[in-house]
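Each in structure tokens, the structures are laid out below.
One chain, chain A, links the two complexes that follow: it is found with chain B in the first and with chain C in the second.
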Partner chain A sequence: MSNLKLHFDVPGDDFTRAGEASGKVKKTLKDLGFNPEVVRKTVIALYEAEINLVIHAGGGEIDVEISPECIDMVLTDQGPGIPDVALAMKEGYSTAPDNVRSLGFGAGMGLPNIKKYTDDMKIDSVVGEGTTMYLKVFTN
Partner chain B sequence: MKISEICEKLELKILVEGDMDREITGGYCGDLLSWVMGRAQGGDCWFTVMGNINAIGVCVLADCACIVLCENATLDDNAKTRAEMQGVTILSSEENSYTLATKLGNLL
Partner chain C sequence: MKVYEIKEILDAEVICGEEFMDRDVFTACGSDMMSDVLAYVKEQAVLLSGLVNPQVVRTAEMMDMQCIVFVRGKQPDQGIIDLAKDRDIVLMTTKQAMFASCGMLYEKGLRGGAMK
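Moving on to the complex of A and B:
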């Protein structure tokens, strides 16, 4: 059986739709019968990354590839880029604007949560050009 | 313990009724969504004042059993609609998260 591939376009600055892609991936993984903890890890990481696209990058694209062994996610945007990835990875560090914080985001936990819940995480970011994030969750 | 039993014992008001037979296995208090997302456990009863549409998303993805809006915090209209669509149980109380979590802790 070939791997299942899903693609999502994430609109920027629309918090009412933020999380739609993660929700669809969750349903797909559940329907495929993956272990609930694998599903939970995957969608928590993906949701954080999806929210980042909305908050920071003016939207972007998500590609998910599901195989029996692992779930690969690639998030691409043409946003401002991350000047200091190591700093952005620190718990509590946030550049989210006030309107976003009032929604309950911007705790500086997004990237740390993604790292915590994935088995592999790689960020390629160029200031002024955009960011690509590669995430992997093993299913066993 | 089932959501329906907790609901009765903590005298919670039902704002959106999902699966009231779902088991509550723990509790979590918090309003910062990413914090909750990363730390709440599946099956938790989530006490918060955050009644927006993103809180519904966090509840679904973190697999919390239900949301309890403390101190009569408002549930946004679009959040209510989303919760109904996704079958998320939303409860409400005039009491604060400390009081409610203490009561829950005594029940579990």
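Moving on to the complex of A and C:
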């Protein structure tokens, strides 16, 4: 079986649609018969990352590659970048504006949650140019 | 606990998902902060929230949650209801506040589940 590749453009101006891509990935993984725990870990991490694209980066792109062994996700944006990735990874640290908190996010849990639910996480970020996040979840 | 028992205990009004009232719910989570909900693994849980926006339904979707109860009499708009219907998630609203709602369900045996 060749690997299944999915691509999504995530609009940055519509918070109500944030999570659409993650929902579609969830359906695909479920339909392919992956273990429910693997599906949940993958989509929770992806959903947090998708929310980040919308609230911090003005949107971006998501590429998902699904193989029998692992699920690779790459999220790319041309947003402001993350000046200090180590600081951003700390639980409770957030730069989200108040209006994002009123929507139920921005508590500084996004990146820690992503790390918790993935087997590998890497962030390449250049201030003023954008951020690329690489996520991997093993299926076994 | 069954979903219909939650409806009875909280004297809640069912907004959608009437056909799923017989589902089993093992744990509950009460929060307005969706990232906190996403931080904890819950098996077949009910989500109680005072937050009313599409991300509450999406969060429940990602977590495989069975049912959402909006507290303090909050009513979701049609877009939120359609999203929940499409995902087979039960929506209810209760006039009870968050603290009272959680307490009433806890008293009847529902627990918070393990935190990971």
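Methods note: the second predicted complex is superposed on the first by the 140 of 140 C-alpha atoms of A that agree within 3 Å, B and C clash if a C-alpha of one lies under 4 Å from a C-alpha of the other, contacts with A are read in each partner's own complex, and residues count from 1 in each chain.
In the analysis below, a residue touches a chain if its C-beta (ideal position, glycine included) is under 8 Å from a C-beta of that chain, and two chains touch if they have at least 3 such contacts.
All figures in this text were calculated on a predicted structure; none of them were measured in a lab.
Peer 1: Based on the superposition on chain A, does the combination of chain B and chain C result in a clash or a fit?
Peer 2: clash
Peer 1: Considering only touches as defined above, state whether A:79 meets chain B (first), chain C (second), both or neither.
Peer 2: A:79 sits against neither chain B nor chain C.
Peer 1: Quick one: is A:19 in contact with chain B, with chain C, with both, or with neither? Answer first, second, both or neither.
Peer 2: Touch status of A:19: both partners.
Peer 1: Examine A:110 and indicate which partner it touches, taking first as chain B and second as chain C; both and neither are also allowed.
Peer 2: both
Peer 1: Of the two partner chains, chain B (first) and chain C (second), which one does A:130 touch, if any: first, second, both, or neither?
Peer 2: In the superposition, A:130 touches no partner, neither chain B nor chain C.
Peer 1: In the overlay, answer first, second, both or neither for which of chain B and chain C A:60 touches.
Peer 2: Touch status of A:60: no partner.
Peer 1: In the superposed arrangement, what residues of chain A touch both chain B and chain C?
Peer 2: Looking at chain A, the two contact sets intersect at 15-16, 18-19, 22-23, 26, 36, 40, 43-44, 47-48, 51, 103-107, 109-110, 112-113, 116.
Peer 1: Where on chain B is chain A touching in the complex?
Peer 2: 31-35, 37-38, 42, 50, 52-55, 57-58, 60-63, 78, 86
Peer 1: State the interface residues of chain A toward chain C in the complex, per the touch definition above.
Peer 2: Contacts found on chain A: 15-16, 18-19, 22-23, 26, 36, 40, 43-44, 47-48, 51, 103-107, 109-110, 112-113, 116.
Peer 1: Please output the residues of chain A touching chain B within their complex, sorted ascending.
Peer 2: Residues in contact with chain B: 15-16, 18-19, 22-23, 26, 36, 40, 43-44, 47-48, 51, 103-110, 112-113, 116-117.
Peer 1: Looking at the complex, which residues from chain C come into contact with chain A?
Peer 2: 32-36, 38-39, 41, 49, 51, 53-56, 58-59, 61-64, 79, 87, 116
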